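For reference, chains read A, B, C and D in written order, and residue numbers begin at 1 within each chain.
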Amino acid sequence: MRERVRSLVDASWFQSGVITLILVNGVILGVETSPRAMAAHGELLHAVDVVILFLFVVELGMRMYAHRGEFWRDPWSWFDVVIVGIALLPTSGPFAVLRVLRVLRVLRLLSVIPSLRHVVAGLFRALPGMMSILFLVMLLLYVSAVMATKLFADVSPDYFGDLPSSLFTLFQIATADGWGGIAKDVMEHRPTAWVFFVVFVLVSTLVALNLFIAVAVEALEKDDGDQSREEGGGGVLAGAAPDGGGPDSGHAVILAELRALRAEVAVLRREQEGLRS
Amino acid sequence: MRERVRSLVDASWFQSGVITLILVNGVILGVETSPRAMAAHGELLHAVDVVILFLFVVELGMRMYAHRGEFWRDPWSWFDVVIVGIALLPTSGPFAVLRVLRVLRVLRLLSVIPSLRHVVAGLFRALPGMMSILFLVMLLLYVSAVMATKLFADVSPDYFGDLPSSLFTLFQIATADGWGGIAKDVMEHRPTAWVFFVVFVLVSTLVALNLFIAVAVEALEKDDGDQSREEGGGGVLAGAAPDGGGPDSGHAVILAELRALRAEVAVLRREQEGLRS
Amino acid sequence: MRERVRSLVDASWFQSGVITLILVNGVILGVETSPRAMAAHGELLHAVDVVILFLFVVELGMRMYAHRGEFWRDPWSWFDVVIVGIALLPTSGPFAVLRVLRVLRVLRLLSVIPSLRHVVAGLFRALPGMMSILFLVMLLLYVSAVMATKLFADVSPDYFGDLPSSLFTLFQIATADGWGGIAKDVMEHRPTAWVFFVVFVLVSTLVALNLFIAVAVEALEKDDGDQSREEGGGGVLAGAAPDGGGPDSGHAVILAELRALRAEVAVLRREQEGLRS
Amino acid sequence: MRERVRSLVDASWFQSGVITLILVNGVILGVETSPRAMAAHGELLHAVDVVILFLFVVELGMRMYAHRGEFWRDPWSWFDVVIVGIALLPTSGPFAVLRVLRVLRVLRLLSVIPSLRHVVAGLFRALPGMMSILFLVMLLLYVSAVMATKLFADVSPDYFGDLPSSLFTLFQIATADGWGGIAKDVMEHRPTAWVFFVVFVLVSTLVALNLFIAVAVEALEKDDGDQSREEGGGGVLAGAAPDGGGPDSGHAVILAELRALRAEVAVLRREQEGLRS
């Protein structure tokens, strides 16, 4: 029984069906944003939505039954369960915002289509490498926001009135969006404020540049690693790598070959010495 | 006959003539945008335009006749045919927009000048590598637009009134153009909206960064491939590569050399054993 | 005695305590920006601030006593001393701005957490490599600002009224923030001003691009250096590198092996010749 | 005589003197932008300016005399002559704009300080590699501007009224500065205009990305070339490279060594065969 459900769940036509359902669901969720469409076909759209949600629940149930423990070990399964679960929660009263999160269901495409899975996994793999720099960014943002609030709260309450406003404004300045206008605004009352803004723009650009380069270097390194592993693998296929494909096995194969040769020459020499005597 | 047309079409002075025609045509199409110039020399400009179009049709006809099947197998020929064809379509009534597309004729420079051809071909080669990430971008844009429409349609109808408006606004925010003002606008009524905007800016920047790095790594890799292929080729020219220039043929040449040497030493040893006995 | 203070200062729980103090201090400095919180708990906050400052002074005193000369040789110690010292200066009268700089105390996290130390050290290491380009940038900015002031001071006094205004405006244009509006403003009175702005945007983008690439290439190079050093080290561990891990010791190991082999074959040949005679 | 002038001109204190003069001149040109300073010390500033200009002419004359033909073969000399020459031209009447270009004299620092010379030379070396892509960019800009003028001249005369306006506006959009506002402006009357703007932003970003990567790959390649040349040189120093340091001489050294070994083994074998018979 479990075997049959499993082969059903893993069949490619079943996967295609799920993808189709997600796409249809996505279109419906988009159409639901139009008041006119809702007025005309609201009930139909809602009914289809409920049916698709039901099918998602059934599909997840089948996959849980088929894969058992394995299912819960895959983080993508958790992703699916949480996203489908959100749609099952009551959306009345204080939970009204959950109604908006229902559109996240379209993101199930990420867990269903393998190439998207790879891309997202790659993004998450890149995260730890930038943790230190991200923390540094947040630290600089916080320190700058406290300073900006103390310095400019009275002259530019819109932008630097309190700490959250300052944090938002400085984040905006770090993306180089409209910072000139904000700085001019403040500089009307505090002519020396340009020091703060120019230093902040320069430092945030420098840090962003280094964040970028750190990620790029890591990506290129990983790529190099992959490549030499492949080369090593190629060496194994060519039938001559005794070391099983290390990070530099092209050289290792040659070295092994050389040492075997040297051993053979040593034997030759010993025999010749035997011959001589 | 076909041979003579072919040598004519492929002659470098013929190519130069076509390039000159395209440039003249480009200048005329630019001048035509000026009402004053049109009032003064409108008929002359139009006449030259028609003559050049006629020459383009003749040139394409000659190339079709000269290269036959080959002509249709080159995507650049299709590009030329479509672009010249647009100018032959009627531009009255519902097709008035086609009149604007006539300026695309200047893009024939892309198909005629080889170095531009290379650049454009390079751009298209880079596309498949970014397909997954581009699809991810569009998915995130769609999901965010549905959410933004549901959340902000009532407080900021200009920016998030319906799904197309939201899509356009979020695309604009993803290019970091004026997002601070838009977010401030929404935050006046929904103070917690900053969560949505900051997350969207961070995620779209992170994804764009990864898109960029993916393309750069691919470009560098291809470059490396080209280089080692060249190295391999050098090995072949040096007369010692039995494997025909694989991705790592520098090592392969050395390995082949080593194995030949080892075989020779083995022969030496067998002979010595024969000598001994 | 000094030994005991040293082991105390270097203990990991002591470090964790300092980090906690810095974080608490950071939160307090943030809360102090809120007038409402200051009205309610101003005295308490101030008291905690003074206690933490006192603990910082004690901690620095202990580290000075424990590490003696070593303490002053570490630039991070100077950083700590300056930052804590700022808080001890009088902040009345003309030194009121120092009160704002007290928040820099949160940056002590940079000197206490090793991974942040690495990131900041990396940023500073990247600086000398960009010095020439940064000087070039400043030179271009200065020359452009003098020209812009002479050309546009009368038509756009807000943006180009005097040299400092021009410098600020051109820095803003170099970050591509709102340059279109500024240029339009000037072009209303000086229609040919677009030449200046387009050239400035192109040159500053080109220089920024080169600054970026210079830093990236340096980062990748350093990385390559690190990697091959590691490879060299690996060779030493594998027990066969007579040259101690140079920049290309993979090849060097193979060469050494080859030369040993050739020497052995030469001995073999000499012996054989002896046998022959 | 010529020898003495030459050693004078090439002396390091002479160079330092020229640098000092340029810096002083730069400061004076900056001060001259201030009406107040001009009112107070205008005549003094002008006198110093004339003296420094005279010294520059003398210095160039000495370098011309000392280096003769060599002087005119160095493009930097031309740069110096043109820049100093501008200051000697009459600046009255139609040549008033030349007065502004006098500040370019500060750029003589580029030709005098070697490290700046390197940076600028690097920038110019990068140019040919981007020529094709830059031409493509200009072609796309021109075609888009013609289309935009035809489509939007009537609804947005400020931005797209004629071909030059459209070119400027599209250049601005390509730098992602305020494009959202411009597009909104046009879309009020032409709701489908978003197609044009979104396509233009995407294509110009894609092309800019490729321009960037092309330059970066070239920079890295050149760097690689430099490095392997260095490695090759190291091989020569180690006394074993018979091929004089090609692009992959690490491998070449090993191959040469291997072939010598194989030849030796072949001799050994022939001798043994002689022994046998």
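Here is the rule we use: a residue touches a chain if its C-beta (ideal position, glycine included) is under 8 Å from a C-beta of that chain, and two chains touch if they have at least 3 such contacts.
What you see is a predicted model, and the numbers here were worked out from it, not measured in a lab.
Common partners of subunit A and subunit B, by the touch rule above, are absent.
Within the contact network of the assembly, the step distance from subunit A to subunit D comes to 2. Taking the CA centroid of subunit C as reference, the farthest chain centroid is that of B. Interface subunit C/subunit D: under half of the residue numbers present appear on both copies, so the contact uses mostly different residues. Centre-to-centre, using mean CA coordinates, subunit B is 38 Å away from subunit C.
Distance from the subunit B centre to the subunit D centre is 27 Å, each centre being the mean of its Cα atoms. The set of subunit D residues that touch two or more partner chains comprises 176-178, 216, 220, 251, 254, 258, 261, 265, 268, 272, 275. By the document's touch criterion, interfaces exist between A-B, A-C, B-D, C-D. Interface residues of subunit A, counted against subunit B in their complex, comprise 26, 29-30, 33-34, 99-101, 103-104, 106-107, 109-110, 115-116, 118-120, 122-123, 126, 164, 168-169, 171-172, 175-178, 212, 215-216, 219-220, 223, 227, 231, 234, 238, 240, 250-251, 253-254, 257-258, 260-261, 264-265, 267-268, 271-272, 274-275. Contacts from subunit C toward subunit D in the complex involve residues 132-133, 135-136, 139, 142-143, 146-147, 149-151, 153, 162-163, 166, 176-181, 183, 194, 198, 201, 205-207, 209-210, 213, 216-217, 220-221, 224, 246-248, 251, 254-255, 258-259, 261-262, 265-266, 268-269, 272-273, 275-276.
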